[in-house]
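Labels for the chains are A, B, C and D, by order of writing; each one numbers its residues from 1.
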Amino acid sequence: MSKITTIEPFTKGFVEAFSPELILFTGMLLLILVPNLGKGTFRIPGTQLRLPWLMGGTRFKFSSDPRLPAWIASITLGSAFLNVLYVFSQGLDRVLIVSESGKELFLINGFSRIFEMIFFGALALAAFSSMNRLQVKGIGSKVSENELYNNRRQADFYILMVTCALGMSVVALAQDLFVLFIGLELASFSTYVLVAFLKESKVGVESGMKYFIVGSVASGVGLYGLSMLYLWAGSLQFSVLAATFAVSGTTALPMIGIGFVLVGFGFKVSAAPFHFAAPDAYAGAMSPVAGVLATASKAMGMLGLVRMLLIVAAPESTDGSAVWLVCLGVMAAVTMTWGNLAALGSDNPKRMLAYSSVAHAGYMLAALTAVGAWNWDAAVAGDASAAAVAVMTALLFHLVVLVAFKLGAFLVLSILESEGGASRLSSLGGLAKREPLLAVAMFIFMISLAGVPPMAGFLSKLLVIMGIVRVAVGDMGAEITDGGIYALGDMHWVWWLALLMVLNSAISVFYYLRVVVVMFFDEPEEGREGPLPRGWQVRVAILACVLTTVLVGVAGDSLIRICEMAAQSLNYNW
Amino acid sequence: MDDWISMPLVGFPLIASIVLLAFVSNTNESMRRRLANPIRMATLVFSLVLLVITTGMFFQYFGNVSWEGISFNNYEFLHRYSWMESLGIHWSVGMDALSFPMVWLTTFLLPVTIIATWNEKNGATYFPILLAMGGALIGVFVSLDLFMFYVFWELTLIPMFFLILMWGGADRKYASQKFFIYTFTASVVMLLGLITLYFFQDPVNPLDYAGSMTGRTFDIPTITQHALMENSNGNWYLGTNIQKILFAMLMLGFLVKLPAVPFHTWLPDAHVQAPTGGSMLLAGVMLKMGAYGMFRLPISLFPHALEYFQLALLIIGMVSLVWGAIVCLGQTNLKKMVAYSSVSHMGVILVGIATMQPMGWAAALFMMFAHGIISPMLFAVCGAFKHHYHSMEIGAMRGMAKHSPWLATSMMFAWMASLGLPLLAGFVAEIMMFIALWYFLAAEGWSVFWMVGPALVLAVTAAYYLWSMQRTIFEGGDETQPPSSLHGEPVPDIANPEKLAMLILAFFTIVFGVMPWIALDMMHDWTIQIFEGLILPVLGNFKGGA
Amino acid sequence: MIDPAWVSALSALMFVIGLGGAFTRKNAIIVLMCIELMLNAANMQFAAAAVHHGDTTGWVYTLFAIAIAASEVAIGLAIFLAVYGQHETISLDDVDVLRN
Amino acid sequence: MASTEVTSTVHSEWMQYAPLIILLPMMAFAVILFLGRVFNGHPFWKKNLKEGGLIALPVMGASLILSLLLISEFLKGNSGVEDIFEKMAWVNTGIWNGGSTTESVSFGFGIYVDHVTVMLLFVASFLCLLINVFSIGYMNTDPINDNRNHRFYAEFVLFCSGMLGMVLADSFLWLFIFWEIMGLCSYLLIGFYYERPSAASAAKKAFLTTRIGDVFLMIGLVMLWDLFGSLDYAVVFDTHNIEMVAESSAGTLQWALGLMFIGAVGKSAQFPLHVWLPDAMEGPTPVSALIHAATMVNAGLYLVARMFPFFGAESLHGELDDLAFIIAAIGGITAVMAAAIAFVQMDLKKVLAYSTMSQLAYIFTGLGCAMYLANTLDWHHDSDAHYIVIVAFGASLFHLFNHAMAKGMLFMASGSVIHEVHHAHHHLHHDDDHHDDDFDAQSMENMGGLASKMPITATAMLIGSASIMGLPLIGGFWSKEGIIANAWRVAQDDPRFLFPAMCVLIGAAMTGFYMSRMWLKTFAGKPNNEVAAHVGPTNIWIKTPLFILTFVTLSSVLLAGMGFTHWAADTEYSFLSEKNLIDGILYEMGHAFANSDSFFFILTYVAIFLGAIVGPGVAMALYGGKLADGEDTKPWMRPVIRLSAWVNDRFHFDNTALRESSLAVALENRLYIDEYYDKAMLNIVAGFSNKVAEADTEVIDGTIKAIESGSQSLSAVVRSMTTGSARDYILMVAVGTLIISLLIWGVA
C-alpha cells in the first residue's frame, strides 16, 4: 500500500488530487456563463457608451442552442469520471488533505475514488441521456409539459446536476463528519430541486415537496445526531470519533447520536422506515433523475453509513460484533422484505423500480450488517479482516453495477416518458414489437435486477451473499478439519439474512418478470403503436448500461479486484 | 485444439444464437419472414454439427475416450480456464459417463426438435432461441465449476421462458412466469446452499484452484475430492448437521426441477402452455437437469446425508410415482396428462436413487436417458394433435387411425413406449428400478405390499394411456364428425418434417430398448465407480446391504 | 455563564418539539418551521458543545448549519409555491396524488 | 444370494438358428408394416401378396421348419440351454450387498429348450402357420378389411414372434418381455376394427386386465430375482440354488410364485381376471383363434408349468402346497363358472371364448394338482410316486396341447361359419354397406342346419367339440380323464382339493352340454332363418387348416400311445423309449378304461357318463333336430344328427322356466362381474383419481397460488401504508428514529 501524502489545501499536489472536483467546478461556471453569452452590452453609467460584455441580450446561435447545457454538463461530468478513472488506473495515490490546524478534511484513496466514479458515472449518463429527453420548443400558449423546457431551464437542470455531483464528491472525500454532512446537504438540495423540476405538473411538484420535506426532517435528525456526537467527542473528525468510540462508545449519548445520524443516511439509502418518500419521489421525478436517486444518491447514503458504522462505530469496539448489529440487521430484513412486497403489487413501473431500489438497499444493509458481525480488527488474525474486505467488496461492486442496470432501466422508461408517460405498466406494452433492442435491453436490466445469471446483478448479489455467508461461517471450515463439529445454529445469525435475501430475490423475480411479459406479450397501448421518440444519446447511454451489465456479469473479475482494492483502502488497518 | 467442449459444444450454439437474434431483431417484419427459412436451415445445420461432435465422441473419433472405465471424480475432455480468479471461479468443463449421455441426448434432441417444429411461426427468432436453449443445457451438463453450473442452470430458464411466453398457448403469460419464478425460487435456495458449502471449505490447508479473495474454490472435482475426507475426529465431511442442511438445500433446487411431488405444479402449467419445441426440450432434457444435479452434487458430496435422507427420498419418489400416475387418470387434457406422466416417471428416478444400489442408480440414469427420448415424442405427438385439431382435449378428435394414420401410429408408439412396453427404452429402467427397490426393501425387512403401490402404477399408467387412446385413435371413424375446432376443413395428417421427427424418435426408442447396453454400460460403469470410489469407502456399511 | 448542559437540554426540547410538530401539523410552512426548529436545536447543541469543549470548530459548524437552514428554507418555499400553483393547497394531507 | 452360473450348455447345429424363429417374424413385422404403408391399395400388393399375407406365410413356414428342426434335434437327445447373447449381455448392472465392492449382475438373452418348451413351441409355430393360412382365406375376402390387412398381418407376425420368443426364452425376464409383446399385439388386434367403440373398449379392457396381472407377475419376478440373484431358468431351477433359497426363505418364494401366478391368471383369463376374454372376441376371428384360444392364453399355463421345478424340488417339500391348492381352486371356480355362462350364450364365438376359459381352468386345476403331488410326494426316490407326479403333470400339458389344437380348429371353423353367414347375408340383401345393420353374423339365432351347407366345417366343429367334451378316444379325452383322475387323487390326500375335484367333474357334464348345444344349434335342425338357408361352402384357404387340425385332433390317441404325458413332463423320458406304439396305445386304453384301482375305474366311467352322455343328451333333448328336408350331410355326421333328432323327440322338455330364471339372467349378464368391475372402475378408481387431481390443483397448486395471492394482498397492505401524506412519512421517520435509538442503545 502506497504511502499517504498529507497536504494542505491549495498547496502542491492539491490540483492533481482535486482535479475531478475542479473540473466539476469549472463546468459549473461554464454552465452558468456560456448559455448566457449574447450580444449584451454594458452601458457605462452616465454615458451612452455601450461596451459589449457578451452577457445577456440576444444570444448567439451556439449559446442559444438548447442542447448546449446538456453537452457542457455531460462533458464536464464525463471528463470528471474519466479523470477519476485515469487516476484510478494510475494506481492509488492516497492523499490526505488537512486544514492548517491539522484537522483532516478530505482523504483521497481508492475507496473515495470508486464512489466518485459511481457518482460521476451515474450523473454523466443521466445528463447525457436527458439531452434529447427535454424537447425544446418555444413557449406557446398550448404546450405539453415536455415542451416547457427551453434552454434556460435546461441550464438550471444541468447546473443542479453538476452541483449534485460536487456535493457527492465532497461526501466521498470527507474525513470530517460535518464536512460530509455539508456535502450531503449540497447534493440533497440539488436533488430536491431536480425532483421538483417538473413544476408544471401536479405529480412533479408533489414528489418534490414530499422528498424535500421528509428529507429535511431526516437531515434535521441527522444534524442533531451530529451535534450530540460533537457534544460527546468534542470533534467530528472520523479519527477522533473512532478513537473516542473505542474508549467510551457504549454510553447513551454516542449511541443515540449514532442512531440519529443513521436516520439521516437511512433516508438517503431509502431504508425502511425512511423510504416512504422515495417511491413518491421516483414516480413524480423525471426518469433520469429518479435513476440518479436510485444509484448515485443511494451510493452516497451508503457511503455515509459505511463511514459512520465502520469507521466511527467500528465493530471491534465491543465484544467482537458491532453495537449496531441487531439494529442494522432488523433494518436490512425489514427493508428488503418491505421493498419487495410493495413492488410486487405495483402497477407503476417507476414506483416498482423505486420499491425494488428499497429492496436493494436492504440487500446492501444486510451486507453491511455482516461486516459488523465479526470482529475484523486486523489484530485478530485469520480470516476476519479478509471477510470484512470481501463484504465491502461486494457492497462496492453492487453499488457500481447498480448504476448500469438500475439507471439503465430508468433510462428506458425515460424514452417512454418523453412519449407521454410511463406511469402504468401497460405503457411498456408491445415494446418488443416497437423497438426490439430496447425491449431486450430492458429485459436484461430486469433479470439483472432480479439477479439472474449471467448478468452483473447476479454477480453482485452473489458477492453479497458470499460475503454474508463467509462471515456467518467464519473459521468453521478450518476448524472442522481440526475436528470441530458444527450445526446450522453455529453459524452466525446473519446467515439467515442471506436466506431471507435469496427468498426475497425469488419474490422480486415476480415483478421484474411482469415487466418482461408486458413488453414481449402485451399489445401497445392505444396511440402508442408507432415508433418511439428518436434520440441517439439516450440509446447510447442505454447501450453503455447494457454492455456494462452483460460484460461485468460475464467477466466481472477485474471489477471485483478494483472493488477489493478500494475496500482494502477503506481503513488504514486494512 | 483438444478442447472439444468449450467452444464447439457450449460457446458455438450460444454465440451463434445471439448473433442470429441480434441480426434478426434489427430487421422488419417482412424481412424476418423471409429470413425464417435460411435461419431454420442454419440452426438445423448448427445443431447437426453438435450432434456429429458428440456422436464422434461416443465412437471415440474425437478425443479417443473410452466412456467406460473413467474412475470416480475423473473427467474426460477436462479443461480449466481461469475466469474469476478472485472467487476461485473457473471456466471448467469436462464430461464423465454421467454427463456424456445427457450431453448426447441434448445434441440429439436439438435437431429433432427443430425438425419436429419445422413450421413454427416466427421462425427467425424461434429457432435461434432453440439453439440457445441447447447451448445452455449442454453448459449445465459439462460444467465442472459450481458457479458455472449455476450460471448455466439459470441460463436455461431464459430461452425456455421466451419459448413459452412467445409461442405458447392461451395462458402462456401465467405459465411462463410460474415456470420461471417457481424454479428460480428453488434454485436460489440451492445457490445459498452452494455458497455455504463453498465457505465450509478449509482455506487454511492449501486448496487447488482457490480464489485469491476468498481462499476457497468453486471447482467441482476439488470439492468432490473433499467428500472423501474425514476429519481428525473421524467425523463426516463437514459434519453431520451441516451435511444434512446443505444436502436438503441443494436437493430442494433439484427436486423442484425434477419435479417431485409436491413441487411439481409448475410443470403441468408450463407443459400445457409451452409450444411443442419447448415441451420437447423441457421434458426431454430440462427435467433431467434435476436428476443430473442430484448425482453430480448432493450425492457425490454428501453420501452420509443421502443415507440419512434415504427414506425421505424414497417416500417422495414413491409419492411422485403414484401421485403423478393417479392424477393422470383424472385429466382430460392430453398434454396435461402427458405432463403428469413425466412427474410419475421422474418418481422412478427418485426411487432408483433412494435405493442406494448401483442397479437403482443405473436405473435412474437410464430412465433419465430413456425418458429423454420418449417424452419428446409424447410431446411431439401432443403438439401435432394440437396443431392439427386445434384442441388439446381428449376426445376432441376420434378415429385418428382413419384420418391421420401417421399421427395415430406415432401416438400409439409413444404411448406404449411411455407405459413401459418391453423392448422399448423405458422398460429396462423400470424393471431395474423395481428390482433394486425390492432388493432394498427386502433387505430392510419391508413387506412386499410396499411394492404393490409403485407396481400398480404400471397398471394405472396403462389405464390412462389406453383410455386416452380409446378416445383419440379408436372409435369414431365415419360416424364421428371431425372436431368443430377444424371449422369444416378436411382432417389433416401430420406434415413430413413431423413424420421424420417421429420416425427418428421411434427409431431410437427401439434402439435403446433393444440394445440398452449402448448407453447403459457406461452408466453402469459410472454407478460402480461412484460406489466403489466414494459411497462404500465413505459410508462403510449402510442400510440396504444384505 | 449558563451551563452548557442546560442549553443541551433546551436544544433537546426544541428538537422534540420540532420533530413532533413536523408530523402533527398539516401546513407545509409550519412543518418547515418545525424543521427549522430541529436545525436550530442542533445549532444550539453545537454552540453549547463548543463552549463545553472549548473548541471553536463548533461555532463554525453552527455557522454552516445556519447557512444550510437558510438555503433549505429558500428551496422549501420555492417548492411550496410551485405546489400551491398546481394543487392550490399546501396542506400535506391533501397533496396526495402519489400514493401506494 | 445364489450363484449365477449357467449350468449346462449344449451346442447343436440347429440351436444357433433358434433365434431366427423369433427374429424372422419380427423382421416380417417391420417389412409388412412398411410395405403396407407404402403400397397400400396397390393391385399387386392386394391380389398377389394378399396385403402381406403371403409375406407372413413363408415366414411362419420358416419358423415352423426351424422349430421342427430344433424339436427333432431335441428329441435326438440334445437338450439344453444356449445363451445366444452371452457375449453382449443385454443389461449389465451391479448390486451391493455389503462389503466394499459391488457385485456385477447381468441380464442376458438366450434360448432354453426343454420338454415343455418343445411341446409349446410346436403348438405355437404349427398353429401360427395354420391360422396364417386361414387368415388369408378369411381376412382378404371381407371387404371391410380392405386396405388395412397389412396391419393385421404385421401385428399377427409380431404376435407370433412374441409367442415363440416367450416359449424359447431362457429366463423369466425374457418370458415377461415377450409376454408383454403378446399383450400389445392382442390389444392391437382386438382393436383391429378401431372404429367400433365396442372393439376399442374391448381392446382396452383386455390390455388393462392382463396388465393388472402383469404387475403382480413383475413383482413376483422381482422377488424371485431377489431370492436367486437371477431370473435365468438355468439358475433358478438349479437344485442347489433352490436348496439355498429353501433354507432361508421358502415362504417368500411361495409369495413370489403366487404373485407370478396372478400374472398367469390374467393372461389365461381365469377368475377373477377373466372379464377380458369374451370381449376380446371383438377382434377378427383368426385373432380369436390364435391369440385368444390357442396360444397367448396358454402363456399363463406355460408360466405355471415353468414353476414346476420349484414344486418338485426336494428341498421345498411340503412348502408350496397352499399355492398348489390356490392354483387348482382358481381353476375349479373358473371351470364351472365359465361353463355355466357358456350355457346361455347365443354368440358362437362367445360360447367358444367361455369354453376356452373353462378348459384353461381345467388345465390350471390339473397343474395345481400335479404341483401338489410333486410338492407333497417323495417322488424323487419313490418310483410309484414319480409315476403319479409325472402323469399328473403330463396330463395337464397334454390337455394344453389337445385344447390348443381343438380350440384353434373350433375357432377357425366358427370363423368359417360366421364368414359364410355374413356373406350369405350380404348376398341376400344386396347391400353394400358392410357394417351398418343389426344383423349379427355371430349369433346362433341366425344359423341352424348348416351341416349340409358346410360339411368340412361341420366335421371339424364336431371333432373339435368332441375333443373338448372328452368323448372317449377323441383328442381331449385322454388328457381330461387324467386331470379329473388326478384331481380326485389329490382330493383323497387333502380334503381341500375336493372342491376343485368336484368342480372339474361337474364341469365335464357342463362342457358336454354347452359344446353339444353349440354344435346342434349351428349345424343340426333346420335353418333358423333365410340367411342360414343360403349359406354356401367356404374357400380352400379356410378348409385346409380345418382339415389338418381335424386329423391332428383325431390322432391324439397316437400321441397318447407314444407316451406324451410322460415325455412332456419328465426330462428323463423320451419318445417311444419304452414301448412301441401299439403297446403304448393299449397301455393307455387299459389305463383309462380298465383301471386296476376301483375308485379310478368308477371315476372314469362317471366322468364319461357325465361328459359324453348326460351333457350331450340334455343338449340334444333341447336343441336336436333333423336337417331340413332335402338336405343331407356327410355320412359320419348323419348318425349324430339323427340321434339328436331322436333324443329331441323322446326327451324334449320345456326349459323356458329355467331360461327365465334369475340364474340364467345372471349368467347372461356374466354373473354381473363385469358390471361390478365397471362400477368399481368408474366409482372408485375414476372417482379417486378425480379427487386426487382435484387435490393436486386445489391443495398443492392451491398452496402455491395461495402464497402468490397472499403475497399480493400483503403487498396491498404494505403499499397502503404509503398513504401519500408527507405527514405520515415524517411520522414514520420519527418512529424509525426512536426504534433505531432504542435498538442501538438497547443492545449496547
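Just so it is clear, a contact is a pair of C-beta atoms (placed from the backbone, for glycine too) under 8 Å apart; a residue touches a chain by one contact, two chains touch by 3 or more.
Just so it is clear, the model here is predicted, and its values are computed rather than measured.
> Could you let me know which interface, C-D or B-D, is made of more C-beta pairs in contact?
Pair with more contacting C-beta pairs, B-D versus C-D: B-D.
> Of all the chains shown, whose C-alpha centre falls nearest the centre of every protein C-alpha atom combined?
If we average C-alpha coordinates per chain, B lands closest to the whole-structure average.
> Just curious, how far off is chain C from chain B if you go by their C-alpha centres, in Å?
For chain B versus chain C, the centre distance works out to 64 Å.
> Centre to centre, by mean C-alpha position, how many angstrom separate chain B and chain D?
The separation of the two C-alpha centroids amounts to 39 Å.
> Take the average of all CA coordinates in chain C, do the same for chain D, and state the distance between these two points in whole angstrom.
Spacing between the chain centres: roughly 98 Å.
> Counting in whole Å, what is the centre-to-centre distance of chain A and chain D, each centre being its mean C-alpha position?
Whole-Å distance between the two chain centres: 80.
> Two or more other chains touching the same residue: where does that happen in chain B?
Where chain B is concerned, no single residue meets two or more other chains.
> Would you give the residues of chain D that are in contact with at least 2 other chains, written as numbers and ranges?
719, 722, 724, 726, 728, 730, 733-734, 737
> Chain C: which residues touch two or more other chains?
Within chain C, the residues that touch at least two other chains are 19, 22, 28, 31, 92, 95-100.
> Go through the chains and record each pair that touches.
A-B, A-C, A-D, B-D, C-D
> Which residues of chain D touch chain A in their complex?
Per the stated touch rule, the residues are 708, 711-712, 714-716, 718-719, 721-722, 724, 726, 728-730, 732-737, 739-741, 743-745, 747-748.
> Contact residues on chain A for chain C in the complex?
The touching residues are 103, 178, 182, 185, 189, 192-193, 196, 199-210, 212-213, 216-217, 220-221, 223-224, 226-228, 230-231, 234-236, 279-280, 283-284, 346, 351.
> What residues of chain D sit close enough to touch chain C in their complex?
719-720, 722-728, 730-731, 733-734, 737
> Which part of chain A faces chain D closely enough to touch in the complex?
Per the touch definition, chain A meets chain D at residues 209-210, 213-214, 217-218, 221, 249-250, 252, 255-256, 258-260, 262-263, 266-267, 272-274, 276-277, 279-280, 318, 323-327, 330-331, 338, 341-346, 507, 510.
> Quick one: in the complex, what on chain A touches chain B?
383, 386, 389-390, 393, 436-437, 440, 447, 450-454, 458, 462-463, 465-466, 469-470, 472-473, 476-478, 480-488, 491, 495, 498-499, 502-503, 505-506, 509-510, 513-514, 516-517, 520-521, 555-557, 560-561, 564
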